[in-house]
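Both of the next two complexes hold subunit A, though its partner changes from subunit B to subunit C.
Moving on, here comes the complex of A and B:
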C-alpha cells in the first residue's frame, strides 16, 4: 500500500486522537479567541432583554445529560439575566430526565446570582416539573396548568405557591423561552402556545437543529434562537459572565478547524490520486 | 369497532374546532379534561413500557436465550434504580446513581458522534462529482460560519453561510414542514373516517371485500 493509499484510508484511531487533542487542549489550557455574535443569538438575547421588569415568563427546560453541556451554561445565564430584571420564572419540562436537569440549571444559576437579587422558590421562580404527553401534554399545560399539575417538582401544592396565584394558562405569561436541546420540541411551543395564545417565544436547540427552525424565525414565530454551545457562549459574552460555554466554544474552534482541514486534505489527496490514475 | 372510531372522530373534531373558533365554556372545560387524560395516559404508558421491557428481559433470562446475561444487567440496574427512586427520589444514593452513571453515559454517547462524524467526513465528503462538490463547499462554509473564530478568519463565510441557512435550507425545511403538516391532516381525516386503525391496535387496514 502506497503512502497515498495510506493517507486516503487514514486509520480512524489517528483521526480520533487528533480530534481529542484539538478538543481537550483548549479546555485544559484556555485560549480565548475573538468571537462574532450570530444574528439569531443577538435576536434571542435582545428579545429576552426587552421583557418588561416584573413580568412572568414560561421556561421549558428540555436539556438532558447529552445536551446540557451545550445549552446548560446558556440557560443558567438566562436565569440570572431574568432574575436580575425581577422577571418571575415558571419552569416545566416534557421529559423526566430534563426535569431533573432543569433543577441543576436553577441551582447553578442561583449560585452565580449577585448578592441582593431576590430568588425565592415559589415567589421569584417555580419549577412545575415533568408534564407527560409531549405535544398534547404541552397543549393541556398551556390551556389549564391546574388540570395537569397539582404540585410543583418538589411536592409543594400549587395553591400554596404565591407565584402561581394569578397564573393558570399560557396567556398569563409575557414570553416563552423553550430550551429544547435536541428534543425537537420547539414546534410544540410554536403550535400550542405562540399560535393559539399569541405569546412571543424564543428558544434554544443543538447546533445541528438550527436550520430546522430557520422557517419559524423567518416567519417571526420565533424571536431568534440560541444554537448549541456557541449560542450559550454568546449569551455568556453578552451578559459579561464568562463561564463553561465560552471555554467549550474555544474547543469547538479547534475541533471545527481540524474537521475543515481534514476534509480539505482528503479532497486534495483524492484529486492527486485521481490525476495519477488511482481509483480512489 | 365503530364506537372507538366514532369517539376518536368526535374528540378530534372537538379539539380542532376549539383551536380555530371560540367555544362555550362547558365545551372548553370538556376539552381541558380530555387533554388532562392525555397526560395521565402518557404517564401510565411509561409504566406499561417499563413493565413490558422488564418482562421481555425476564423471559430472556428464564429461557437463557442468546446474550441473556445482558438482560441480568438490565434487571439489576432497573431493580436498584427504580427501588431507590420509589423509596425516595431525592435520596442521595439515587441521585448519585443518576449523576455519576446515567449522566456521564448519556454525555459520552452523544460526544462520540463528533469523532464518528469527523472520521466519516474525511472518508466520504469528497468532490467526486458536481453534486457532492456543492455539498462539500456548502458544508465547509456553514461549518466555518458556525465556529466562533470562523467569521474572524474568513469574513465572507458569514453572509454566504447565512444565505445558505436562511434561503435554500430554510426553503427546504419549510417545504418539509408544510408537507408533514398536510400529511398529518390527511392522516387525521383517515383516522376520523376509520380508514386508519393503528391507534386501535389494528395493524392493517381492513380492505373492502
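Moving on, here comes the complex of A and C:
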C-alpha cells in the first residue's frame, strides 16, 4: 500500500487525535492570531450601545452547558455593558437548563462589574426564569407576562418586584437581546416580538446557525448577531474586557487551519488517485 | 475540596467518557450517555413540575378553576407511559401543536415571507446587491422541478446550483467550527490548572482500561474507517 493509499484510508481516530492536540495546544500555550471584527458583531454591539440610558431591555438566556462556553462570556460582558449604561434588564429563558445557566451569567457579570454600578436584583435586573411552550410560550409572554409568570426565578412574587411595576408586555421594552445559543429559537423572537410589536432585536447563536439567521439581518429584522465563540470574543474586545472567549477563539482558529489543511489534502489526493485510474 | 472543584473534576470525567465514543462504542461512553439522559430528564421533569404547580395547581387551590383544564391536559400527556393509554396523550399534543402552529403562522407571512421578499428587492447599484438578487432568484429557480433543464433555464439552474453549493459550503464550515467550539468549551475547564492533573490521570486510567478491554476482546473494537 502506497503512502497515498494509506493517507486516503486514514483511520478517523488519528484525525480526532490530531484535532485534540490542535485544539488543546493553544489553550495550554495561549497564542494570539490577528482577528478582524465581523460586520455582524459590530452591528450587534453598536445596536446595544445605542440603547438610551435608563431603558428596559428583554434578554432571552438560551445557553446550555454545551453552548455556555461559547456565548456565556459574551452575555456576561453584555450584562456589564448594559448595567454600566443604567439599562434595566429583564431576563427569561424558554428552556429549563438555560434558565439555570442564565443565573450563572448574571452572577459572573455582577462579579465583574466596576464598583459603584447599581445592580440590585428586582431594581436593575430581574430574572423571570423558565417560560415553557417554546414559541407559544414566547407569544404568551410577549402579550401578557403576568399570564405566564406569577413569580421570578427565585420565587419573588412579580407584584413585589419594583422593576416589573410598569412592565407587562413586549412593547414595554426598548429592545430584545436573544441569546439563543443552539436553541434555534431566534425566529420565535422575530415572529412573536419583532413583527407584532415592532421592538428591535439583536441576538446570539452558535456559529453553525449564523447562515440561517443572516437573512433576518439583511431584511433589518435583526440588528446584527453575535456568532459563537468568535462573536463573544469580539464583544469582549469591543468592551476592552478580554476574557475566556478570546482564548477559545484562538483555539478555534488552530482547529480550523488543521481542518482546512485536511480538506485540501484529501481533495488533492482524491484527484491524483482518480487521474491515476484508482477507484478511490 | 469545594463543590465547584468537585463539579469541574466530575465534568472532566464525564467529558472524557462522552468523547471516548470516538474510539468506538464502549461501556464508559454508554454510562456517560445514560447518566446525562437521566440527570437531564429528571431536571426537566422537576422544573416543569414546579412550573405546573406554581401556575396551575396553586391557582386552582385558590379558586381559579379554569386551570383545571391545563392540569387535565398535563396528566393526559403522561399517559404515554402506558401503551394502552397512549392515545390519550394525542389530545394535549394536538392542542400544543395547533396552538403553536396558529401563533407561528400569524406572523410567519410577515416575518419569513414578505420581510424576506422585501429584503431581496434591492437597487442593482453594488456588487453585494447584484449577487443577492441573482443568488436568490437563481437558487429559488433551481427548485422548479417541473421545467426541463434546457435552453436559457439551464444556465439559471446552473447558477442556482453554484449559489446553493456555496451556501452549503459556508454552512458546513460553520458547523465544523461549532463542533470545535463545543470541544474547546470543555477543554478549557478540563485543562484548568487545578483540574488538569485529574484530567490527565483519568485519561490514563480510561486509556489503560479501554486498551485492556479491547486486548482481551471484552469490548468490541470498532473497525470501520
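One rule holds for everything that comes next: the second predicted complex is superposed on the first by the 280 of 280 C-alpha atoms of A that agree within 3 Å, B and C clash if a C-alpha of one lies under 4 Å from a C-alpha of the other, contacts with A are read in each partner's own complex, and residues count from 1 in each chain.
We adopt the following convention: contacts are C-beta pairs under 8 Å (C-beta built on N, C-alpha and C of every residue); 3 or more make two chains touch, one makes a residue touch a chain.
All values derive from a computational prediction rather than experimental measurement.
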item: Contacts of A:252 with subunit B and subunit C, given as first, second, both or neither; value: both
item: Partner chain(s) touched by A:34 [first = subunit B, second = subunit C, both, neither]; value: first
item: Which of subunit B and subunit C A:24 touches, first, second, both or neither; value: second
item: Which superposed partner A:132 touches (first subunit B, second subunit C, both, neither); value: both
item: First (subunit B), second (subunit C), both or neither touched by A:218; value: both
item: Touching partner for A:144 - first (subunit B), second (subunit C), both, neither; value: first
item: Which of subunit B and subunit C A:207 touches, first, second, both or neither; value: both
item: Which superposed partner A:262 touches (first subunit B, second subunit C, both, neither); value: first
item: Partner chain in contact with A:16 - subunit B first, subunit C second, else both or neither; value: both
item: Contact residues of subunit A, present in both the subunit B and the subunit C interface; value: 9-10, 12, 16, 19-20, 23, 66-69, 96-97, 132-134, 136, 139, 148, 187, 196, 207, 210-211, 215, 218, 227-228, 252, 255-256, 259
item: Subunit C contact footprint on subunit A (complex, rising order); value: 9-13, 16, 19-20, 23-24, 27-28, 66-70, 96-97, 99, 130, 132-136, 139, 148-151, 182, 187, 190-192, 194-196, 206-211, 215-216, 218-221, 227-229, 244, 247-248, 251-252, 255-256, 259
item: Complex contact set, residues of subunit A against subunit B; value: 9-10, 12, 15-16, 19-20, 23, 33-36, 39, 64-69, 96-97, 100, 131-134, 136-137, 139-141, 143-144, 147-148, 187, 196, 207, 210-212, 214-215, 218, 227-228, 230, 233, 249-250, 252-253, 255-260, 262-267, 270-271
item: Residue ranges of subunit B touching subunit A (in the complex, touch as defined); value: 19, 31-33, 35-36, 38-43, 46, 98, 102-107, 109-110, 114-115, 117-119, 121-123, 125-128, 136, 139-140, 143-144, 146-152, 158, 162, 165-166, 169-170, 173-174, 177
item: Subunit A-touching residues of subunit C, taken from the complex the two chains share; value: 22-23, 40, 43-44, 47-48, 51, 54-55, 96, 99-100, 103-104, 106-108, 110-112, 115-116, 118-119, 132, 167, 170-171, 174-178, 180-189, 191, 225
